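Let me begin by handing over the structure; questions about it come next.
So that you can tell them apart, the chains are marked A, B and C in the order they are listed, and the count of residues begins at 1 in each.
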Amino acid sequence: MTRIVEPAENPPPEHVVVERQGAVQTIRLARPEKKNALTVAMYTRCVEALRAAHADEAVRVVRLIGQPGVFTAGNDLADFMQAPFDANSPVLQLLRSLVHAEKPIVAAVDGPAVGIGTTLLLHCDLVVATDRARFQMPFIKLGLVPEGGSSVLMPALAGLQRATEWLMLGDPFDAHAAREAGLVNRVVEPAALEETSWALCERLAAQPAEALRLTKAMLRGPQRAATAQTIEAEAAVFMERLRSPEAMAAFAGFLSKAAPR
Amino acid sequence: MTRIVEPAENPPPEHVVVERQGAVQTIRLARPEKKNALTVAMYTRCVEALRAAHADEAVRVVRLIGQPGVFTAGNDLADFMQAPFDANSPVLQLLRSLVHAEKPIVAAVDGPAVGIGTTLLLHCDLVVATDRARFQMPFIKLGLVPEGGSSVLMPALAGLQRATEWLMLGDPFDAHAAREAGLVNRVVEPAALEETSWALCERLAAQPAEALRLTKAMLRGPQRAATAQTIEAEAAVFMERLRSPEAMAAFAGFLSKAAPR
Amino acid sequence: MTRIVEPAENPPPEHVVVERQGAVQTIRLARPEKKNALTVAMYTRCVEALRAAHADEAVRVVRLIGQPGVFTAGNDLADFMQAPFDANSPVLQLLRSLVHAEKPIVAAVDGPAVGIGTTLLLHCDLVVATDRARFQMPFIKLGLVPEGGSSVLMPALAGLQRATEWLMLGDPFDAHAAREAGLVNRVVEPAALEETSWALCERLAAQPAEALRLTKAMLRGPQRAATAQTIEAEAAVFMERLRSPEAMAAFAGFLSKAAPR
């Protein structure tokens, strides 16, 4: 397989492909050569795509999908360390956009969904995953802390003991564990992911439009303000951690291990 | 099987049979010829039965059960469209009665439990279901929105993704899915439903009376005010939706399909 | 097996064995001759052990474990009835210590975990149990009410219907049910409990120390005040119940049944 390696500091827009088909806008992470590791440019592109979906009356449902075999390896650490992480960082803007999205979001996960790749699913309305999906929130291994609302939403969903295991040990878990915990709606074979997630989007798009909008507002609305606040509070601790010797040492160790041999 | 069709506008009290046996008051939905579809008169009868159970010191436990093969098809739409739905509607009175009930309620579900047939279970303390029970909250298909507290209680119980699936797609789910989500305590064969639900009621009735009352108060009390408020807020949106062209069109389509061919 | 019966009113400190090995402090309930029934002295010893763990910078993780075949039969009723239960009771002090613990607690359960033996697990961060573990909260059978935060935390974890079953019927449930409900992280064979719980402690102790501390703070912090308040509110009702004729009769019946034949 030929891999085209793009320079990380200036990713072209093609690393996120946005396409509208009927009432469904698909946001496709498309940087397979880096396992869909998310750069600042990719976060920005996702935020724009969500904004466009919100503004376009023809769009009723958003689908978020990765590549065959990988949803996302998480934050691109090399890229991440070049841009200061602050309250305006695109990653935070993406999380805010997801929390405040008014149209339903269907996520489709195959392969690894690391870090924010797992926490962003908490803000999606339906999640389909393949039996080779692997979820992981390994923040602690880098000396970091839970983000994306996970410190509150994951215990609320999966219970404190299970959320603790995932966030304190940082081990990966599979689609069946995720389904049992309530994070995943359906587990399908890899070949069926595209079609199953598409069919769900089409079914949602066919529902009475205003009832659909109101149903999402009623399900998500009561927790929206608290969730947004949790994300900001977590980000404040996260930023402090990034500057800590503990995290710096963990990052250095991780990057040296991740370096090409 | 001979079916006696009663005029919907004036259902006799027999559509809800209330009987006390020992310390257990059974409320039995008994309109099998219409799949136990709930009329204004039936809601009223249930409210009266709950009030009587509350007032009667001899009653310690309430059992709510349907007919073999059907719990309830939900709101009787024809009946519903004849009476204006407002803040004093018997359906709302029933939900309020369930939320404020001080004595434990055991629900027994066989066959379809549609709409309020599923949402009222959120307010029951123990739920037994048969392996042919089918739960469904298809409000959205009628252009309507979650009711009965389900927009908040269902995500709290089953997680947001699962609650979203049930409320946004409106698909039925079986007793095993309901048990896994925590809505159902036990799944039994249809022939065992009457006996199993009865045995649970008897066991509850045999517990120290004041400890039983306090246990329910401690489990339900902390959420009672918020739940009551959610029900009212949902009802306000629900009433607005009923007057919307979207819902009217959906109702018209549904009733034309449901009409005898 | 020779059983050494100690006088309940003056249990030696050996009924709780505290040992530090590396960064892990193990608190081992060690009164097998009374199925680890908890006395005032044992609660006090546990509180001291948690305080020592908190003060000792070398300790990063606490492990709480019982004996092979028994976690704890719960409160030692004979001992309990000799000491007045008030706001300073060691059992309450233990619950408060668990709620406010800043270092992760790993619980390891084999055999019965009765009453507080189950409710204290709600305050542990990871729980390993064997396939012969039996959880039970039979307060109601003694005319008592939920304690240890269970009236709020158990519904939040397992859902209201499941929590109701466990607290209103008081039946035991096994490790698989506990795992499904989210109370237990892993189910292992009895022979593997010591090692598995130890390995989890070691893995936690190896995480970046400050990230570990912050992760627990972020997961537990948001609920800590409310949980502490629930425990106090429950205790107030519990104390009142102890003085009730209903509970006294239930206790008398229980003790007469439990007396040696």
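By our rule, a residue touches a chain if its C-beta (ideal position, glycine included) is under 8 Å from a C-beta of that chain, and two chains touch if they have at least 3 such contacts.
Quick caveat: nothing in here was measured; it's all calculated off a predicted structure.
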>> Give me the set of chains touching chain A intersected with the set touching chain C.
In response: B
> Taking shared residue numbers divided by all residue numbers at the interface, is the value for chain A and chain B over half (same) or under half (different)?
Replying inline: different
> Distance from the CA centroid of chain A to that of chain B, rounded to the nearest Å?
Replying inline: 37
> By residue number and range, which residues of chain B touch two or more other chains?
Replying inline: 156, 158, 180-181
> Touching chain C in the complex: which residues of chain B?
Replying inline: 104, 122, 124-127, 156-158, 180-185, 200, 203-204, 207-212, 214-216, 218-220, 222
>> Please output the residues of chain C touching chain B within their complex, sorted ascending.
In response: 139-146, 151-152, 155-156, 158-165, 167-170, 180-181, 230, 234, 237, 241, 244, 246-247, 250
